[in-house]
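Each structure below is given as structure tokens.
One chain, chain A, appears in both complexes that follow, with chain B as partner in the first and chain C in the second.
For the complex of A and B:
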């Protein structure tokens, strides 16, 4: 018995020593923080004593009032949705296309990979600064010198500011996807591709009918993660404008951030926690629904099911034999 | 194979556990990278938490050493941190705070004060740090009235916080450059001026070519050297002081900006990145100077009256009464609109600002660099990238902060432009039409306070108070000022020798702070926490110039003048403030405060 205990201890010592630290971090910084946030939504903080008292649903009533009256919050909600949709519509197909290009090792694909990976390697602060310099100093100087033309300041002119943040968000999102998607594509069995090539399948057909279905779990993950962050992503707004962004670039993540950081007391925290919960309540079912739908109708899942049923049939046949 | 795997597992476990233990040991011994003093078990430990920012700590180290030498049974342990005051307050609220004395980057201790987490320091106000012949602590504190209000409880009981540091904001200019370019107001070659100079003990001669007066010598201390042109005196009516040569009226100021523009220079640079912290104090100085003390009381306390010359509330010229319940009216005082107009006319005028000010990538250090490198405008290589700029909106610590740039400039051969070589000063807001203030207003932001934890033994509490009194000796206050150039909010006995050790900007600050007759240092960040309507109401603390545009292409909330005035007209901005501070919105703030009192 003692030997068994000793062996079990030895066996799990390593596992526990690896897991204990992240588990503690998870308990404190995820479970603890979220529980605290949840409780805050039903509480009020005294500005002087910091004592919390339960006020139950008052913050929720206030949230609906704010949503109805607060122009900036309304705009933030719209911008958050617009950002996700635009990024999804523009960025997602391009990401897949570029990834496929890189995966197929086409002309200059390694150069593309390197160029697109740079933002992931370089600090985001440096990238942001470079971008701001390029847009506000480099580009206007270039146009002035070579075309004798003054161009608007894309980060200050209200016609372009939101578009500029979207552009930056799309550009930066390429760097992570260019690592993720080609690696998923590499998992597609070579014999399948070779066979397709022998059958004369072209570039787009291979992408559309074979690669995309086979990497659909990765794509599903990307879509689901993106949706879950719609109302919490700040995007590049804080990096570009710190706490005094133009109203047209606000999104929900930034709205909450600014309110938290520029508030003189903690009294607003419960309202912000309520806001977080309400947006989660809206988004959680959508996220789950999208996940379920994508998984249900994923060609990959269907193939898996078919393979499984084939395997079951085979087993049954063997058993019958 | 199984045996091998087991061995590997064991080895890895041991390695990992050892690493974790090592990490725990290293962090606990080193205090996450900080060198921690060894505890002397034969002594009583006094722990101090000190916010160590750009205002130095050599004075505190010296006070610590001397205090330990004087009381050899006490060990002072100073932890230098960059913790926000809110973190210190949380620590003070805990059962066992980690220190006895806390020095903060600002003065936001009202929660600790009102909850009884900090000790009453009233009893040390009458103690004399410099001996029986010196001043009491109370007498030493600059603007004691303000600090006593900020340091007391909501019911005005006790004084739980004392001032620790001061910082001011303004428009920095290079006096030497202004003289070289002829942008300052020189003393006129008239009999009256000559008589005044003579009466002040200044000898001079007249430059035959320029007709300007040239300084030769003085029986009193001045900031001139032999051969310098004498500038017109400022509000203090003395020659050779901190405020000389500056425009005295708004018209002169505008003319100066036009001259600067016509010389190919830009007027202003600042960082909008940290808006509104750098530009707003300049506008606040304009506003407060326009309001004067009575108007400022109405504006800041939401209590009083003003004349509605704009007719915002009905009849033009009617007297509008403001109570805390109708406090939103103060944001529609005519002086607010006048300030917005002046901001638009000056630093938000595209003819005068350096375009880089509004770029998002210009942070405070980039702004400093652009200002300091203005001299390179004629450089054949670098000149084409330089937009020489006359004024920099900055805090009083800027010269200390920009030391690396000064060093780089000196290393490039411009030794005369190195640290402490040029005569940098703040340009005051000149007298504006209709202004009610009689002094120059300078805004104090980020003025730090110090508190003592109440959760300690009577013996430690006594030691804590003793240390505070000890550290307020003139020599430590002076040391702090000499180290950074920024005076502490206490009266000091600076000698001529001491002044010589300061940079010209440091001397300027010192003279400015001490001329309480002509300069009103309005410590806005401290004042904010003396009014419960500000901090109990949940009202945003970026306050004054927040505007809400409800329709059109520019709809939205703008939290600063520089962001808003890029797009909005003065009327739009002013009317938007009324939208932001509507009677309904104000009722929400007011009710929160009322609930607290009820």
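For the complex of A and C:
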């Protein structure tokens, strides 16, 4: 008995000696920061003395007023949603198709995998700057030199700026998935694929009925993480325009970043914290709901259940024998 | 029936040919700006102005040699004085910021993933679920609060504290990957070591951690690549310690004031991407094979 207690104590000492440092930091810099943010939402800060006083729901009233009147904030919200939806609708199916192409080792797949990794290697930052210079300088020069035609400045003409940021976000989005998804596809048991091939199952059916269901946990992770970033992602806006972006390209992440970084005092912080809480309150349930729904109705779960029931049947059959 | 199958096969082939064509166009679109940048970086300014999209009349290497003298950033030092930062200290900051914080974070991520995946203790499930919640619950707009806390505690603009306090949030994709990696390692290795008298620390350091070195190396490489090119973190949290990405970002905005031309800027892009490209090429095989993420369940 004594020995068991000693062993358990030793185990707990070991576990907590590992966990203690990250836990303390987490409590200060994650929990503490977010509690402070929550408190800020109910306070105001004096511009001169920096003293914080409680004003309860005044910031929330102001937030709703801003949401109704501030065109910039309205546009930021719409742009954040538009960016996510457009990127998801266009990128996600292509991501899966590109990954399947690479996974099946079709023609030139190794070359494609390497090239698609370029934004991760060169980094999205450098790719962003290259893109910016290419669109601003290279492309107009190309059209002028070879077609004698002037094209609009897609980075500066307000009719095209938002479209250009969306295009960039989609253009750059495949590099991480081309690592993740084909590797997840490799986990699909070979026997399953081989038996399907023997039955004459084509690539479409293989992708739709076997590969996608079996990699659905990975896809769920990507979707859920993507949704959780809708209102916090700055996207390429800061990289392209620093703190002086065109109103047309603002999103919520950029809106909060600009207000935080360009204010010399803390006075605006409570309003921004309130804004953060409100957007979190909207987005958190959506993210959790999407996670729960995707996991509940995941074909992977159904397959697992089927396999489990098959295994149970097998055991019972053996027992009966 | 047979004809039907042939039709299907052709249709499928056509579909994947279409995907191949899209991939070719997309690949070219990725390579074209890079090729244009490389070619233009070797041009003189007149050659570039006259012939911006053609082959250089004469390859000028001096653009690359002139960059270190041109790439300068004026920053406010921690004592309040304005200091001119050259390229060399920025390179040093890049190595420090891309190397140390990711290393410290990943080290603690690995340790936490190990105990959560291999030990049964009260709170184990809570920690795993907390990791998932932290990863998926969007906390919008806590930047002002984080800024206030950092300034109050003195971690703002303090490179040493930023490094040692880096593991403040070890949760995320890396945690999931490490957790999955440890889950896939049989506990029998540890048991046989324990029979030989090894304690928990010995098992972890001498048996378990060496087994995840390849995954650790991949995650560190990816974190290094990300941090090397991260200009926003030093700009927000360490304004007195500009790294190369920060320098390049300012340089391309203020190029004309610094006497730089477009070919100089493009040469600067190439110089910054060289170290990460080499590192990636060296680690490519390992990265391609080890980077997998499962679901969000324990």
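Basically, the second predicted complex is superposed on the first by the 282 of 321 C-alpha atoms of A that agree within 3 Å, B and C clash if a C-alpha of one lies under 4 Å from a C-alpha of the other, contacts with A are read in each partner's own complex, and residues count from 1 in each chain.
The definition used in the following text is that a residue touches a chain if its C-beta (ideal position, glycine included) is under 8 Å from a C-beta of that chain, and two chains touch if they have at least 3 such contacts.
Remember, it's a predicted structure, so these values are computed and weren't measured experimentally.
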item	value
Chain A as common anchor, with chain B and chain C clashing or fitting	clash
Chain B versus chain C as contact partner of A:240, first or second or both or neither	first
Chain B versus chain C as contact partner of A:218, first or second or both or neither	second
Partner chain(s) touched by A:147 [first = chain B, second = chain C, both, neither]	neither
Dominant toucher of chain A (residue count), chain B or chain C	C
Partner chain in contact with A:133 - chain B first, chain C second, else both or neither	both
Partner chain(s) touched by A:200 [first = chain B, second = chain C, both, neither]	second
Touching partner for A:250 - first (chain B), second (chain C), both, neither	first
Partner chain(s) touched by A:54 [first = chain B, second = chain C, both, neither]	neither
Partner chain in contact with A:11 - chain B first, chain C second, else both or neither	both
Clash-bearing segment of chain B relative to chain C, given 115-123, 277-285, 295-303 or 367-375	367-375
On chain A, the residue positions that both chain B and chain C contact, one per complex	10-11, 14, 18, 21, 129, 133, 137, 242, 268
Interfacial residue positions of chain C with respect to chain A in the complex	5, 8-9, 12, 15-16, 19-20, 22-24, 26-27, 29-34, 36-37, 40, 51-54, 108, 111-112, 114-115, 119, 121, 127, 134-149, 153, 165, 167-170, 173, 176, 199-201, 222, 225-226, 228-232, 236, 245, 248-249, 252-253, 262, 265-266, 269, 272-273, 276-277, 280-281, 284, 287-297
Residues of chain B that touch chain A when the two form their complex	6, 9-10, 12-13, 16-17, 20, 93, 108, 110-111, 114-115, 154, 272-276, 358-361, 528, 534-536, 538-542, 548-550, 553-560, 563, 566-567, 592, 596
Residue ranges of chain A touching chain B (in the complex, touch as defined)	10-11, 13-14, 17-18, 21, 46-50, 71-72, 75, 129, 132-133, 136-137, 153, 155-156, 158, 240-244, 246-248, 250, 262-265, 267-268
Of chain A, residues touching chain C in the complex	10-12, 14-15, 18-19, 21-22, 25-26, 28-30, 32-34, 36-37, 40, 94, 97-98, 101, 106-108, 111-127, 129-131, 133-134, 137-138, 141-142, 145-146, 171, 174, 179-180, 183-184, 187, 200, 202-204, 216-218, 220-221, 224-225, 227-232, 234, 238-239, 242, 252-253, 256-257, 260-261, 266, 268-269, 272-273, 275-277, 279-280, 283-284, 287-288, 291, 295, 300
